[in-house]
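Letters A, B, C, D, E and F mark the chains in the order given here, with residues in each chain numbered from 1 onward.
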Amino acid sequence: MNGLFGLFNYWVVIVLMMTGFYIVISRDNLIKKVIGLNIFQTSVFLLYISIGKLDGGTAPIVKEGLESYSNPLPSVLILTAIVVGVATTSVALALIVRIREAFGTVEEDEIIKIAGTE
Amino acid sequence: MIRDQLPALQIVVPLVAAPLCVVLRRRAPVLTFALAVVWSTFAIALALLRQVLADGPLVYALGGWAAPWGIEYRVDALAAFVLMFVSLMGAVTLSYAPRSLTHEIPKDRLHLFVAAFLLCLTGLLGIVITGDLFNVFVFLEISALSSYVLIAMGRDRRALTAAFHYLVLGTIGATFILIGIGLLYMMTGTLNMADMATRITAVMGTRTVLAAFGFLSVGLFIKMALFPLHVWLPNAYSYAPSTVTAFLAATATKVSVYVMLRFVFSVTHVRMDFGYSDLGALTIAFSLAGIFVASTVAIFQNDVKRMLAYSSVAQIGYMVLGISFASVTGLTAAIVHLFNHALMKGGLFLAMGCFALVIGGVRLKDLEGVGRRMPWTTFAWVLGGLSLIGIPGTAGFISKLYLIRAALELDVWPVAALILLSSLLALVYVWRVVEVAYFRPPPEGVERREAPWSMLIPTWALVGASIVFGVWTSGSAGVAARAAELLIGIAP
Amino acid sequence: MKFAIVMIAVLVTMVLALSRAIAGPTVFDRILALNMFGTKTVLLIAVVSFLVGRPDFLDLALVYALVNFIGVIAVLRYSQHGHFGDVPADPGDGEDGGPI
Amino acid sequence: MALVLDILSWGLLMVGGTFAVIGGVGLVRLPDLFSRMHGAGITDTLGAGSILAGLMLVSWDSLITVKLIAILIFLLLTSPTATHALARSAIAEGIRPWTAGQEDPSSSE
Amino acid sequence: MKRQSILRVVSKLLIPYILLFALYVQFHGDYGPGGGFQAGVIFAAAFILYGLVFGLEPVRRVAPPEVVEKVAALGVLVYAGVGVVAMLKGGNFLDYSALEQHKAHAQHHGILIIEAGVGITVAAVMISIFQAFAARRAGR
Amino acid sequence: MILIALLALLVATAWTVVRLRSLFATVMLTGIYSFLGASWMLLLDAPDVAFTEAAVGAGISTVIMLATLSLTTREEKVCRFRVLPLLVVVATGAALVYATLDMPVHGDPAAPAHLHVAPEYIADVVPTPDGEVLQVGIPNVVTAVLASYRGYDTLGETVVIFTAGVAVMLLLRRPRREDES
């Protein structure tokens, strides 16, 4: 956790976020999109958690003999965000199951082709 | 005592009602109960609006904790105004729903559908009322998740893909908003909007805050379907069940515009002197492009529902235009248009629902001669259309009037001229429907058959209101002007 | 010191497992690697919580072990039957059958 | 006593670490699924066992040791079960163990 | 997987302990990592494991979908109910201090109850999602 | 050091997910990604989050995704490189890197996030609107914030998960009669 690591850490997290984002917007397969969305969101969680870290701090569970604690607030926010993430994922997957039943495929370009003929 | 608890009741009533619907399960009690709930939510919103207009902004500390630590509600004139019309739309569309729902939703899942509707309403109201930035995200997701599934309930199988498409874009938007909130939190250490407003001045020019602003804006632009990030909207609105389209078209995008207003003016304090800046010019260009492109696309649609959806994209352009003027008149225009557009688009989509129920389709050729078959519904549609164009005497006229005045105040008369010109485009697409409905003969052998009263009354209520508020402007524009003054910070 | 060494060893093993999970080639290789990766994460958590001096976080390691187990079973179940619905109780289930 | 515990835990931890790495190398280097399974099995039981035992010796605190034991038992129960189920499924899928003289199956796929 | 005896025996052995562990996580959340949400997930995980090993039908017998649906609603009602009771007792929404005379105790109890609400909802929703997915068969 | 190693593993996993066409393998790697992310969070002093991420990301999500695969398909059909998305992503990433330039350094005790609001949570001296200081008295500060100070957010979270349940039931529950078209 020296100075060099200070921003480097954020940059790697940004690379992760963008990898997920790329999967979402570049793939035709709907399931792959959801997986990308998952990675994108998880990486944003990593960003938040690194905001909360305090040098020399430990986890915010108060205990005798410990003085400095990391910030609990990002943890709380991210707990909520994780729940939101899994909720979104499950709704997305349920939609995919229905789409597959209705169209017989989960590839976006094929679906557009089928839908275009209606 | 009830008076003090009004802000909480506004959210708690529909929120508790949703799980109760799931427990009740049986069709008749669920519908009766839900109707009682939405109308009482509207009553609470009205009481809240009265209280705020009389006594000034309200603050309500949830959980009994002081503000930057706990979450608080903050209800000023703008919030109360938006709460009022969102809950009004919820109430009207749900009253309209029972007949068209039995037509569109499988019977054994009706209680779940109603629960999702109430959750969506709760989410939208929750976004408006809260004073905490992260809480906005949470309620945004409640409303978004439920609206995805509400859209997917459409009968056409393309409703599923539309909902999925919306889900992906909506989640990207929400994640962008989350990133923006995170960056702001990093720089200010707080999530409370009022607290952030004071603390952000010290770090205003930093690159982090700038980027945060960018991410929040892009996220919100996706959610409000501003051109060119509107791609999810036309399909979603065309294939969703009619009730859902009417409700979402009247509320969901408006609430995102509201969050934008709140964020730009309450948190980052763009004030009069800041006014017409480069950023403003950029958004003006985008919103004008949106208005023209979307209106032009609307002209070429053969599905009337889809036509109205594109028209919605254009209308969002008007609202953002008003915001980018960053003046009292401009904001008044944006805020009053939130309300007026909700009324007229709600009315128009409800009328579409009547057509869909009786005729079975809403393509232009299905509507041939419908003026004679369903005179009441068609007339309601035409009045809504006139309001959309902005004919004097309708609510749409008031919005455009303020918008043009705001443009002239800033001496950008080309913008004013373009606004007028864009109304002509609206005239063209509305006329296409009128022409088909009144000047083509109905198909052979169909009788005159009107939509049921339970659907006509809500439709007419909204269309009628859009005429009433075209004449009696103190109820809408008056409140909007007060809200705008408060936002800009020149009112006490 | 000793914790650091063990931690490095576990990390190296995780890298190896990950490379097998990426390389495959069969589904079962990946499942095997996944299982091993999970158990190594459990160890990593256990060691790290000693390393940073908060050994009360071992609950987490237990959760990881549990989740890993369920994950592997789900993966197996999927690769074997291809669905999560009911399996017809067919006594002649071929190679799969027979108590051990 | 403390010294003895310390040395013992050192020893166990090192042995565990070594097993883990060896198993990992085996997972990567061995020719087919079933032999890799063997490599993985070693780390999962012996490696994990020694490391956790080493940690137990460090913390002679009651609750933590109980948790460590719980983890160990859990791993000892689940990991071989999973591997066993895996092997059976693989056989059921028609994957056969590789025997000497055959071509390396990992190169064929 | 119906015929894999070892797996079945081990799973049967583990499931009660998983449920126990879920309860531990639920009530230990004040002192260590964990809380209602995590406990709910672990609780559901036990059911999911049961479903994976023994098939969907037994899970549906233990937790019928109609009941699970109502239980999920119940959790939200428990949570919001605490808030409403606080309002009735004169405090703000979710102000646990208004629940009892002794404010610190009230906070403690309030947290316990709402965590239970979270746990109930999460467990029920996860189980019902699993059931919904598992009950749908491809190609039908 | 270990943080960097974990980050490198995360990047490797994410990039493999981009490349692989087998959805089944991808789902497993997503599980691994969650495990790694959770370990990273634990090291950054967020055990509660690590707990949840492991249970949800590696457990529940994997099971639901596999269930979806079993109902749809195993293999992605095409996996082509696309320029426009890449440009969008690079632009977004550049905006984020730009944002980091004025950020407080990772772990900096003088960062605003550590000086405002959070200290009162940790010291358990949060005031009520009347200015009275009230103690929650729970050692786990995260639970205290989650359940009491920001309990309303958590109510929202519970409602979100409930909404997801309602949504999935609406979408996937079979109608009683098989007449759904």
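Basically, contacts are C-beta pairs under 8 Å (C-beta built on N, C-alpha and C of every residue); 3 or more make two chains touch, one makes a residue touch a chain.
Bear in mind the structure is a predicted one, so any value in this text is a computation, not a measurement.
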{"item": "Common touching chains of subunit F and subunit E", "value": "A, B, C"}
{"item": "Shortest contact path, subunit B to subunit F, counted in steps", "value": "1"}
{"item": "Chain whose mean Cα position lies farthest from subunit D", "value": "B"}
{"item": "Which two chains share the largest set of C-beta contact pairs", "value": "A-F"}
{"item": "Approximate Å spacing (C-alpha centroids) for the pair subunit D, subunit E", "value": "33"}
{"item": "Centroid spacing, where centroids are CA-atom means, of subunit D and subunit F in whole angstrom", "value": "30"}
{"item": "Distance between chain centroids, defined by C-alpha means - subunit A, subunit C (Å)", "value": "22"}
{"item": "Inter-centroid spacing, subunit F versus subunit C (mean Cα positions, whole Å)", "value": "21"}
{"item": "Where subunit B touches two or more other chains at once, by residue number", "value": "15, 18-19, 22, 61-64, 134, 138, 141, 145, 148-149, 152, 179, 185-186, 191"}
{"item": "For subunit C, residues that touch 2 or more chains besides their own", "value": "14-15, 24, 31, 52, 54, 56-57, 59-60, 62-63, 66-70, 73-74, 76, 79-80, 82-84, 96"}
{"item": "Two or more partner chains touched - positions in subunit E", "value": "1, 4, 6-7, 14, 31-34, 37-38, 42, 45, 48, 52, 69, 72-73, 76, 80, 83, 93-94, 96-97, 122, 129-130, 132-138"}
{"item": "Chain pairs in mutual contact under the definition given at the outset", "value": "A-B, A-C, A-E, A-F, B-E, B-F, C-D, C-E, C-F, D-E, E-F"}
{"item": "Subunit C partner contacts - residues on subunit E that touch it in the complex", "value": "1-7, 11, 14, 18, 21, 24-25, 28, 32-34, 38, 42, 45, 48-49, 51-53, 55-57, 130, 133-138"}
{"item": "Residue numbers on subunit D that touch subunit E, as the complex places them", "value": "74, 77-78, 81, 84-85, 88"}
{"item": "Subunit E-facing residues of subunit B, complex", "value": "1, 5, 8, 12, 15-16, 18-20, 22-23, 25, 60-64"}
{"item": "Subunit E-facing residues of subunit C, complex", "value": "56-57, 59-60, 62-63, 66-67, 69-70, 73-74, 76-77, 80-87, 89, 93, 96-100"}
{"item": "Subunit F-touching residues of subunit E, taken from the complex the two chains share", "value": "29-35, 37-38, 41-42, 44-45, 48, 52, 65, 69, 72-73, 75-76, 79-80, 83, 93-94, 96-97, 103-104, 107-108, 110-111, 114-115, 117-118, 121-122, 124-126, 128-130, 132-138"}
